[in-house]
Amino acid sequence: MSSEALELGDDALIAAQRLAEWCASAPELEEDLALANIALDQLGAARLFLSYAGEADGRTEDDLAYLRDDREFRNCLLAELPNGDFAVTMAKLLFLAAAQKLRYDALAAGPDARLAAIAAKTRKETAYHLDHAARWVVRLGDGTAESHRRMQDAVDALWPYTHELGERAAWLALVEPVLAEATLDRPADGWAPAGGRDGVHTEHLSYLLAEMQVVHRAHPGARW
Amino acid sequence: RLAASTFDEVIAADQKIEPRDAMPEAYRKTLIRQIAQHAHSEIIGMQPEGNWISRAPSLKRKAILLAKVQDEAGHGLYLYAAAETLGVSRADLVDALLDGRQKYSSIFNYPTLTWADVGAIGWLVDGAAIVNQVPLCRCSYGPYARAMIRVCKEESFHQRQGYEILHTLAHGTEAQHAMAQDALDRWWYPSLAMFGPPDADSTHSERSMAWKIKRFSNDELRQRFVDMCVGQAEILGLRIPDDGLRWNEQRGAYDFTAPDYAELMRVIKGDGPCNRQRIEHRRRAHAEGAWVREAAEAYARKHATATVAA
Amino acid sequence: MSSEALELGDDALIAAQRLAEWCASAPELEEDLALANIALDQLGAARLFLSYAGEADGRTEDDLAYLRDDREFRNCLLAELPNGDFAVTMAKLLFLAAAQKLRYDALAAGPDARLAAIAAKTRKETAYHLDHAARWVVRLGDGTAESHRRMQDAVDALWPYTHELGERAAWLALVEPVLAEATLDRPADGWAPAGGRDGVHTEHLSYLLAEMQVVHRAHPGARW
Amino acid sequence: RLAASTFDEVIAADQKIEPRDAMPEAYRKTLIRQIAQHAHSEIIGMQPEGNWISRAPSLKRKAILLAKVQDEAGHGLYLYAAAETLGVSRADLVDALLDGRQKYSSIFNYPTLTWADVGAIGWLVDGAAIVNQVPLCRCSYGPYARAMIRVCKEESFHQRQGYEILHTLAHGTEAQHAMAQDALDRWWYPSLAMFGPPDADSTHSERSMAWKIKRFSNDELRQRFVDMCVGQAEILGLRIPDDGLRWNEQRGAYDFTAPDYAELMRVIKGDGPCNRQRIEHRRRAHAEGAWVREAAEAYARKHATATVAA
């Protein structure tokens, strides 16, 4: 199984699941639409990557999404962290989309033609996600005193989890200008939790999966 | 049409009233009430279906459901925009929803208990909505009629998807079939009630007919819906939970048991299973989003000033 | 299957599950102990009632707890509502324990010897639960302005769900004096949601069950 | 013993120091630090295991786990009470935990990822705790020694329950066996690290030995733990994840690979997988409970006054 496809598929799937939790709870109606849209893109990417990842041993996208437990998931920890408030969600999206963009760009120019074709599609979408998140991070960082505080708290809390995303220098080159424009402090590097790529997750993921998989697992072998 | 046509001439000629046209205040108010209620229904309607996005049993179904709920948000947006052409602001309409001055469709005050409910809502609730709304595409108020054309197109897509979910379940395992039947059992009468009280008790109807906002009576539409569903239920292999359902040769239509209108009135009044939960959810989302909206405004103000100053 | 045993077993099981959610989150350490204690009592009662309920068709307590879906559960809606803040939890416990006490008292003097034996044990425990909840309702109702407001809000929000508990007059005789001592208004009767005894629950129950059942269901037939 | 014995005489005679006895300030401070850290560990330790109460796979296991976590709260209470005999208040100790001035056992900064982790914590973590704590039942400070007798009795009960969980899993289905092995793989080295840094690097140790607070060195206790586990792992049919593990005839003990002490230091410093989560959880529970504690105090004040006035 392509471990790259699995990592990217799991990142996108878990991100989609978290973003979809915002459904009917966004701060404004336009944002309900935007978050659903981004969740749909992530879900679409997840399906492409997981379908490809499963081909080697004859597993479908649903086998991989619904019949693995958290120890078998390969997403980064950042994706599985709870949504928190809107600032946390936007910081997560900014950090994740920047990493996704870099990996998709590399894949699109890479040797695996199938992955390159998928990445050629997903990189366009991820550019929009990155832009959407960046705009919000800037608006919130440079908005009111409260939004600045919340945005800085979100960036501080999530920063450690970005070390797992790989490609640090290129990633920083995407993210740091956004933080600067948002009048936010770029946190110091330090604690660097990891483990997602080895299936050692936070305690949050198994709850997410319990909910996500419940109907599918309750009806083994059923078609939907 | 002639620019100088009066309101009554436009209505009589089956043409459209547009935002800048003169219109009776009661017409304007009726439309605002109806369009706002419709918009609110789209927004509140995101909740019962949104309840199953996280648990959708396949990634394909998850994507379809997510897209559907997103469409509902989109419908809400067009409809609020259509209402705004009548001189109200979306913010005021949202306030009227949140403090209970305006209503939303009572159907969304029932809980979604299983995955099959997503199918039943698509088939029955969107089906009933379409039967209600298709005539609105010819409504006398232009912006509303045009919004409804787009809404109806998407709704019929949603209805087919719901039907497909139920079809798959009804032809799946025994447990899936039972789940589908259970959903139909719970959603049938609330769907019939979506057409409103029986004609005899219906307020507003006569004037709305005269103004060509409404084109068919509640009972006419309800009958049309029942007649449409019977054959579809047969193909699904599911039983409509009505012992009184039978073909009436004379009428050329199905006889059926009316929904419990007393229950409908209780739900409209606020005492359905989920009224409090739905409005509480919306209030919380609105309140928790306040700091975000304020920040966006503050940022826009700052940077507008900066641009002007530059 | 004894529908009475099933109702009482499900009430106690769902109450235990909700109370246990407080674990390590109570307002003080003594209350962590007390809530765990009450959850344990409820869980113990659930096991006795469900074991009995399952005998007729050869199902074990675990078959009933882990392999039914929410449409098959017979608990009252009150038990499954989210915990909310500590005031909501104490109002729920007061209302539920009062109803449990009345049903246990009746069973203990009733014709079914097995149920009577179970009830003889559980009625003692439930008297303690009732007392514990009543003390907190009084302290919070008659505490600070904030605690009074929260306690009244909790009572108001939950009151409609108490109509499903049965034995209204006797139940009111247990609850009204507590509200009075707590300087709380006894809400007017009105909306009376129901359905739990017929398996028509709130949207909350299926989430609770998804979490409760996830490990058991992931390993069909396994022993634990 | 004679009432007039000096501190040194009591220690030398292997008798107990009691709260009212004179004691060196450093002895008092060392004990406060150690007992508080122990109490905090019980409280924080409720989280990783509490994480599986809602998902315990049988009602019997759910009850056992809930009772265990309740016992931990109880241990926390005795131990805070023991610390209070040294002239500190529980409120101050809790503050010291919440603002990071005092520590808790680093083992609780690892996540519990599967149900088998509950078994592994019982077997290994409680097992290591017992090896650490049994000698404390003979500690020179009376209230601490007595608290430890009670704690150790319950801990050994918990350890047997954890072992039993793992035994059932290891002898269950293939998936259950794999889950048990995975848990052992993840918890083994963190459990070895529970005995602290190697003797060569251990601060405080020598003085604590002289004061008969501590009776064995970190490395002695770690060896005792390893020797105890090897046979138990064999019965479980699980493999301790250490290629260097082998019987050393000469030493009459097992050679084993030391845990990664650099990792231990990082976790102690605050950079384990769950340090932030654990303390954040505790802070949130404490903050969210403030209005309840204030209400209880206000009520008590009111009614104390009422009683006095009456």
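Note that the chains take the letters A, B, C and D in the order they are written out, and that residue 1 is the start of every chain.
Everything below uses one rule, namely that contacts are C-beta pairs under 8 Å (C-beta built on N, C-alpha and C of every residue); 3 or more make two chains touch, one makes a residue touch a chain.
The model shown is predicted, which means the values in this text are computed figures rather than measured ones.
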item	value
Centre distance in Å when subunit A and subunit B are each reduced to the mean of their C-alpha atoms	33
For subunit A paired with subunit C, centre-to-centre distance based on mean C-alpha positions, whole Å	39
Subunit B and subunit C: spacing of chain centres that average the CA atoms, whole Å	37
Chain centre separation in whole Å, for subunit D relative to subunit B (CA means)	58
Junction residues of subunit D, two or more chains touched	55
Junction residues of subunit C, two or more chains touched	69, 206, 210-211, 214
Topology of the chain contact graph, where touching chains are joined (line, ring, star, complete, other)	other
All chain pairs that touch each other	A-B, A-C, A-D, B-C, C-D
Contact set on subunit D toward subunit C in their complex	43, 46-47, 50, 53-63, 66-67, 69-70, 73-74, 76-77, 80, 115, 165, 168, 172-173, 175-176, 281-282, 284-285, 288-296, 298-299, 302
Subunit B-facing residues of subunit A, complex	13, 16-17, 20-21, 23-33, 36-37, 39-40, 43-44, 46-47, 50, 61-62, 65-66, 85-86, 138-140, 142-144, 146-147, 150, 211-212, 214-216, 219, 221-224
For the subunit C and subunit A complex, residues of the former touching the latter	69, 206-207, 210-211, 214, 217-218
Of all residues in subunit B, those that touch subunit C in their complex	51, 55, 111-114, 182, 186, 270-271, 273-274, 277
Subunit D partner contacts - residues on subunit A that touch it in the complex	69-71, 190-191, 193, 195, 200-203, 206, 210
